[in-house]
Amino acid sequence: MDFELDRDRERRTGVPEAVFCTHKSAAQVNAILAAARAEGRRLLLTRLDAVAHAALAAADLDYDPLSGTAVLGPPVALAPAGVGIVAAGTSDLPVAREAARALAFSGIDAAIIADVGVAGLWRLTSRLDELRRFKVVIAVAGMEGALFSVLAGLIAAPVIAVPTSVGYGVAQGGMTALHAALASCAPGVVVVNIDNGFGAAAAAIKMLNAAAASMPGTPGNLSFGGIAR
Amino acid sequence: MDFELDRDRERRTGVPEAVFCTHKSAAQVNAILAAARAEGRRLLLTRLDAVAHAALAAADLDYDPLSGTAVLGPPVALAPAGVGIVAAGTSDLPVAREAARALAFSGIDAAIIADVGVAGLWRLTSRLDELRRFKVVIAVAGMEGALFSVLAGLIAAPVIAVPTSVGYGVAQGGMTALHAALASCAPGVVVVNIDNGFGAAAAAIKMLNAAAASMPGTPGNLSFGGIAR
Amino acid sequence: MDFELDRDRERRTGVPEAVFCTHKSAAQVNAILAAARAEGRRLLLTRLDAVAHAALAAADLDYDPLSGTAVLGPPVALAPAGVGIVAAGTSDLPVAREAARALAFSGIDAAIIADVGVAGLWRLTSRLDELRRFKVVIAVAGMEGALFSVLAGLIAAPVIAVPTSVGYGVAQGGMTALHAALASCAPGVVVVNIDNGFGAAAAAIKMLNAAAASMPGTPGNLSFGGIAR
Amino acid sequence: MDFELDRDRERRTGVPEAVFCTHKSAAQVNAILAAARAEGRRLLLTRLDAVAHAALAAADLDYDPLSGTAVLGPPVALAPAGVGIVAAGTSDLPVAREAARALAFSGIDAAIIADVGVAGLWRLTSRLDELRRFKVVIAVAGMEGALFSVLAGLIAAPVIAVPTSVGYGVAQGGMTALHAALASCAPGVVVVNIDNGFGAAAAAIKMLNAAAASMPGTPGNLSFGGIAR
Amino acid sequence: MDFELDRDRERRTGVPEAVFCTHKSAAQVNAILAAARAEGRRLLLTRLDAVAHAALAAADLDYDPLSGTAVLGPPVALAPAGVGIVAAGTSDLPVAREAARALAFSGIDAAIIADVGVAGLWRLTSRLDELRRFKVVIAVAGMEGALFSVLAGLIAAPVIAVPTSVGYGVAQGGMTALHAALASCAPGVVVVNIDNGFGAAAAAIKMLNAAAASMPGTPGNLSFGGIAR
Amino acid sequence: MDFELDRDRERRTGVPEAVFCTHKSAAQVNAILAAARAEGRRLLLTRLDAVAHAALAAADLDYDPLSGTAVLGPPVALAPAGVGIVAAGTSDLPVAREAARALAFSGIDAAIIADVGVAGLWRLTSRLDELRRFKVVIAVAGMEGALFSVLAGLIAAPVIAVPTSVGYGVAQGGMTALHAALASCAPGVVVVNIDNGFGAAAAAIKMLNAAAASMPGTPGNLSFGGIAR
Amino acid sequence: MDFELDRDRERRTGVPEAVFCTHKSAAQVNAILAAARAEGRRLLLTRLDAVAHAALAAADLDYDPLSGTAVLGPPVALAPAGVGIVAAGTSDLPVAREAARALAFSGIDAAIIADVGVAGLWRLTSRLDELRRFKVVIAVAGMEGALFSVLAGLIAAPVIAVPTSVGYGVAQGGMTALHAALASCAPGVVVVNIDNGFGAAAAAIKMLNAAAASMPGTPGNLSFGGIAR
Amino acid sequence: MDFELDRDRERRTGVPEAVFCTHKSAAQVNAILAAARAEGRRLLLTRLDAVAHAALAAADLDYDPLSGTAVLGPPVALAPAGVGIVAAGTSDLPVAREAARALAFSGIDAAIIADVGVAGLWRLTSRLDELRRFKVVIAVAGMEGALFSVLAGLIAAPVIAVPTSVGYGVAQGGMTALHAALASCAPGVVVVNIDNGFGAAAAAIKMLNAAAASMPGTPGNLSFGGIAR
């Protein structure tokens, strides 16, 4: 067998293993799905485009074409956990939704606040009260990524920046947004790879777990309340 | 006056403003120090090398040459807060210490665990129990930055990766370590700019504040317990 | 003789020739100065650092060490012309001042509004009325260059972005700020080379000249009102 | 709703909002069009290729396949405003035409002067009188972008350089033309992103508005004469 | 004739010539195959995707679609030679298999150990005894390439790192894994081009030949025992 | 203590730990030396330039200024082991010598064959007999690195390419030589980081160890004959 | 009309204008062809792939699919002129043939010497007598481009290096071959853009013209003997 | 001895060997000089800055500080040979002069035409008659390198472009000028490495030799008339 499920990962790191599908053949993904079904494990698949999804012929997947994510197994109950997802433009929604789906896989209901790019600053500042209520904010932006700095200068929650590949010319591929997030003049912005909505969700879960761990009576308990196992 | 102190920043974002000294003249830094003294404000200075420090003629600074940081104002009481700093090699210590000094400025006593690079994996695994007790871990590594992935695969706490400019050839400047952190196969690693120990500390404080905010009875209270005001 | 003054340039393009000193020897700059003195021409020198200036032994220069600019010849009367210079941080002041000195060489009195970086957004928005009165705005910022987008989304004047080399890690050298300016989500931002305060001033003069040219009765007259001849 | 129209943008910045279609699904663009129709707003769409246009099934769009632009709403009367568009080669025409279409959306009739690349310098110099009559010139060139420097050395109007992705090898993607524009030895060239005809048009409109604002009796009036509202 | 077979290469360098098919037309590959058939030579083809293979209409090839390799001529007997191939993830298998097929072409039977990425370190350490028995190890990994350093710090055999193009964002194209391999803190890692499974196999054969050459009684004999001629 | 000697490394990997001095302070290196002296361990220091060496005040070091290497502890007996070092030009000698010194630290006497760049091909081909007698060849070249391909096409021994930072313009920093080595049309070239003479020596030792391990009667014995312990 | 033929170019520069088709629509190329037919001008088209050629429906073109070139107008008589074209591998033949076709358009009959890559040095050295008879040599190579240095060190004729995009990994796109050509240790190599066979032919023609101009009795006569007008 | 003079190079390639001094120690250069003196050979040294020259204590060198070149041995008679050197600005003179000195070493007297950058096009066009009389033109320019295209579009002689590292921001290091030369829309421009005046001279000599070789009665004679032996 060409793969080895890391069944222990969630207990060890607080985040379940997901299957990144871009470079895998349909045969490989099908084999992984079969193994998970045999064990009765839930599974999250990312970067599964419509063509690849069709090639799987896996009717038991909950597939979302916008984000290219699929879930194997029963849904879990969702509960809010203080995570907000902010997307600069409508073009950034696929990545924002990958983050939301990954959070939902772990039982976290996260709202997406879309189209608040800084070219029209009022769109962001008019929702500041809402934004300030989140414990963790995932910010999703491409092009020049100015949203990251502006947002992090306005709120106290940790800002997880997800640069996206939205843009053209010097922005193409997301490097400009990535570098802008890393070079932000607003301290405390943390960054994940370009288009990595799943990674941002994983980081948010870890931060929530750290918060849970800090409460009296829960030392060592690193699994977040609402997360399905 | 050529500068405008952002006095409200800590209340707004949970992290106090610091003065980045690299591109500033001695006259400019002295003016900022004078303004802070006049207001009785504590101040953290970063990237202040020995020559620049000597040029300031500011005897009231607590200066640390290894990290290039200086503190204006009285020390605050330190308390542990669950933040660990892991440095791959002795060459990474200046950056690790910048993070420790920034945390100490906010009253957080953070331990540095040094020289645990993955070329000798036993150095890391032998300290795993200690590492697993932290709520937030700042990982500091240059060269190929393999430490980030290995560490994040072993512990549940959020890992804030600080790539350093330690290395030569393709590693020079820190881009390889930075890209390795961003492309990590271990989900949930979050990254700050190369050599940005201060930014990692700021992110850690925000995560602790988020944790504090999640406790019953403290909604909206974004200032971390031990942080000096 | 190894150089050829472009005496006609101001008439042809609206902007006088300046001498970029970085790669020139003291002998070369002295020869150019001597030729200008012989013709009674005013001359602007840029990128003349303190050591290079001292090597010239040219007591008749009006030298400004912060911007590294020097002027040969008598000062001209200054008049406001609707140009504002906005600098994100104190580290960006040398570049902002190069722009101001180049404008002053052509008789334009431009105000510098400093330390309005977006990490503390209130610093910018509190001065919005002042900013909206300018006909042309030169914006100077390094690091992630978020200022360009925020500013251009708030005012109607053309925004000439001057990315600076202020920053470290991925920002070092100014490429991140440059790309952020070019990829801005706020349409109409125009960009000059990194640290090119002189070029921004030249562009501002050309825009003012275009404005002057559009007034009835001044067809073909490309010299701006207050510009020295 | 996943988007938020910035209805106030033209009043605030002088330039109307446009819809960049590259990363948007047909469903997203259709929703935006429907919202605009419901409000009776005119709308400019850019980067809409023929396939994407066909997928919209929006018969009320004025679509131009060469530039990939579409206009929703009634045409406005066109008037010349002193803007010239110069294209180095026939391959640069799609970008030049995007600029022309964006200007026409705002009521400005701009001429395109094509195929004046510097390999045959006479093609440019023979049209110098015509070029010198423009108040603002948009220059569009790929490959090595030598046109920008030559043109800016010959005329007094502001030159807005639009580097294009035309070329191969080291020119591919437009970075060489972009860097050539930024590093031009002719001062005052201002630059927008690669292939960004719309951005150049927006900048030109802002410059014209600045000119209008400078006339006695029109302080604060930032809307250009012929621009449709 | 447009090609010139290097028939002497194996005797001269210990490694037979292979045909890299990516940039060759079907006509060119067919001509090379015909020449080899005419001489009765065995031949290894690499980078032959399914479409290109179909276009050849060469029924006598032993084709493997996963690795895109094909063999002309009779199979040779396989014997183990102490070469192990370690692949970080299932997505790296095409490259790992190209190495295995190239080794098999020379009579070496190499095992592939798959899915031992460092995010789940136990997967690697649990197979350490097996790994330590190899004389030469080929390590295949994309993304951040942390496997190279961890592995080389644990075993004594030479580690030939093959970075792969598996990944996205900053990892895309394999440059991050390549640089990580080159900048490894574990000394003695040697590196071949991205996705170059064939080159790694060639290097392994040369190392085995060097070993053979060091045995008493075989000075100058550079052909490896089991290699078909 | 800020460092942790990896005393077990040589037994585990066949290569002793060395101290890379570039980013370390004199205090740090002195502490490491003191620890080694206390244990009676031999130690190799690399990248120790003359100024740093002088700052150590360590009279018991065998220091070589050309390669910037120093050895602590008694010399070991040298024996030839079939390793040749080939340097393209005299400018590449510091790196070639770093490799030779690292091999000598482990008891291997390696010859340096210098100034055989391909611009004068006869210099290389006239020494072909000598070159073909080596079991492992370390090739050191900067600029365009053509030596790697030519050499690997002529001999059967594994070629370990060490690109150097020798050159200017597009060659500056060694990236061109590095890429040339990786993209070599001669299969089986393996590559280490730019200027990494020590890494090449470590790889050569591992290859020799692999050879030794392949001899009957020495299974599991990974230490090379002449290597000091 | 969107284009302007540079009819005078050949007289002015010695090289006729060619039409680069990559970024042009079929309508644009057809218009250019029609204009040339109307004037009775011969025309060379480059970068015209099979699909684009088919879309032209221009039966009067002499089309060569391998090089993607087409000629409008009657053939000219060919004569040898001392130009040799050397291609490293069969994959480099499309570019080599673009050069040959461009030379043939100007009446020069140039031989292609293929598959002489340096991995099998004997293939090159065995043809040295033939190579030394050329007055100008065009060398075409991708991957690491070692051919350029080796060839230029062996012959006295000017070597025009044409790096090609043949390769993968670090070689992809041709930048490694380009940089190797520019950084060659063999002085006097001159370089054109990646895949630019036409440019190499143009340079060769100019060199031959310079040679012709140097003969007594032909001052100012810059047209090469056999070149069609 | 660590070096091997390529005494045969001039006969073989038409260009004598030169000593590139940047990476060589004073001891190494002195040894090369001593060997040349012992053989009575003339020698050209390049990239020898004033400090390195002073360290040589070689009073018999003809040293030129502007170009950093030195000549060992008696001067040769100079004669014009139709080579012109065109420099865009005074900052480009060191490179232009390196070319002139290298030509003079081979007996060729080449004129330098300086300060003809395209920002003032008249400076170039006013000297067109002079430029058109050259058989070979070396063009030296930094920044955006527009000179290469303009010049090559105006004259028939081969243009050898030498991009220089003159500039700042995106131009810094010369990559923009290099890419502009390679991507020139004027066919037939050939390019050497950044700041490589010596390489341009070598190429010019090879072109002149090719010209000489084409004259009746001189087949095989590849040495240029005035070149010292």
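The letters A, B, C, D, E, F, G and H name the chains in turn, as written, and every chain counts its residues from 1.
To be clear about the criterion, a residue touches a chain if its C-beta (ideal position, glycine included) is under 8 Å from a C-beta of that chain, and two chains touch if they have at least 3 such contacts.
This one's a predicted model, so the numbers in the text were calculated from it and none came from an experiment.
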Intersection of contact sets, chain E vs chain H, gives F, G
If every chain is reduced to the average of its C-alpha atoms, which one ends up farthest from chain B?
-> G
Would you indicate which option in F-H, A-B or C-D repeats the interface seen between C-H, with over half of the contact pairs matching by residue number?
-> F-H
What chain is the most remote from chain A, judged by the mean position of CA atoms in each chain?
-> H
Chain E to chain G: how many Å between their CA centres?
-> 36
Averaging C-alpha coordinates per chain, one finds the centres of chain B and chain D separated by a number of Å equal to 45
Rounded Å distance between chain D and chain F, as computed from the means of their C-alpha atoms | 57
Would you pick out the residues of chain G that each touch at least 2 other chains?
-> 9, 89, 119-120, 152-154, 169-171, 175, 178, 182-183, 186-187, 193-194
Tell me, which pairs of chains are in touch?
-> A-B, A-C, A-D, A-E, B-C, B-E, B-F, C-D, C-H, D-G, D-H, E-F, E-G, F-G, F-H, G-H
Partner chain D, residues of chain G touching it in the complex = 2-4, 6, 8-9, 20, 22-25, 28, 32, 47, 165, 173-175, 178, 193-196
Hey, which residues of chain H end up touching chain C in the complex?
-> 66, 89-91, 93, 114-116, 119-120, 122-123, 142, 166, 168-172
Complex contact set, residues of chain D against chain H = 88-89, 117-121, 143-146, 148-150, 152-154, 167, 169-171, 175-187
So in the complex, which bits of chain D are touching chain C?
-> 9, 12-15, 18, 82, 135-136, 152-160, 178, 182-183, 186-194, 198-199, 202-203, 205-215, 222
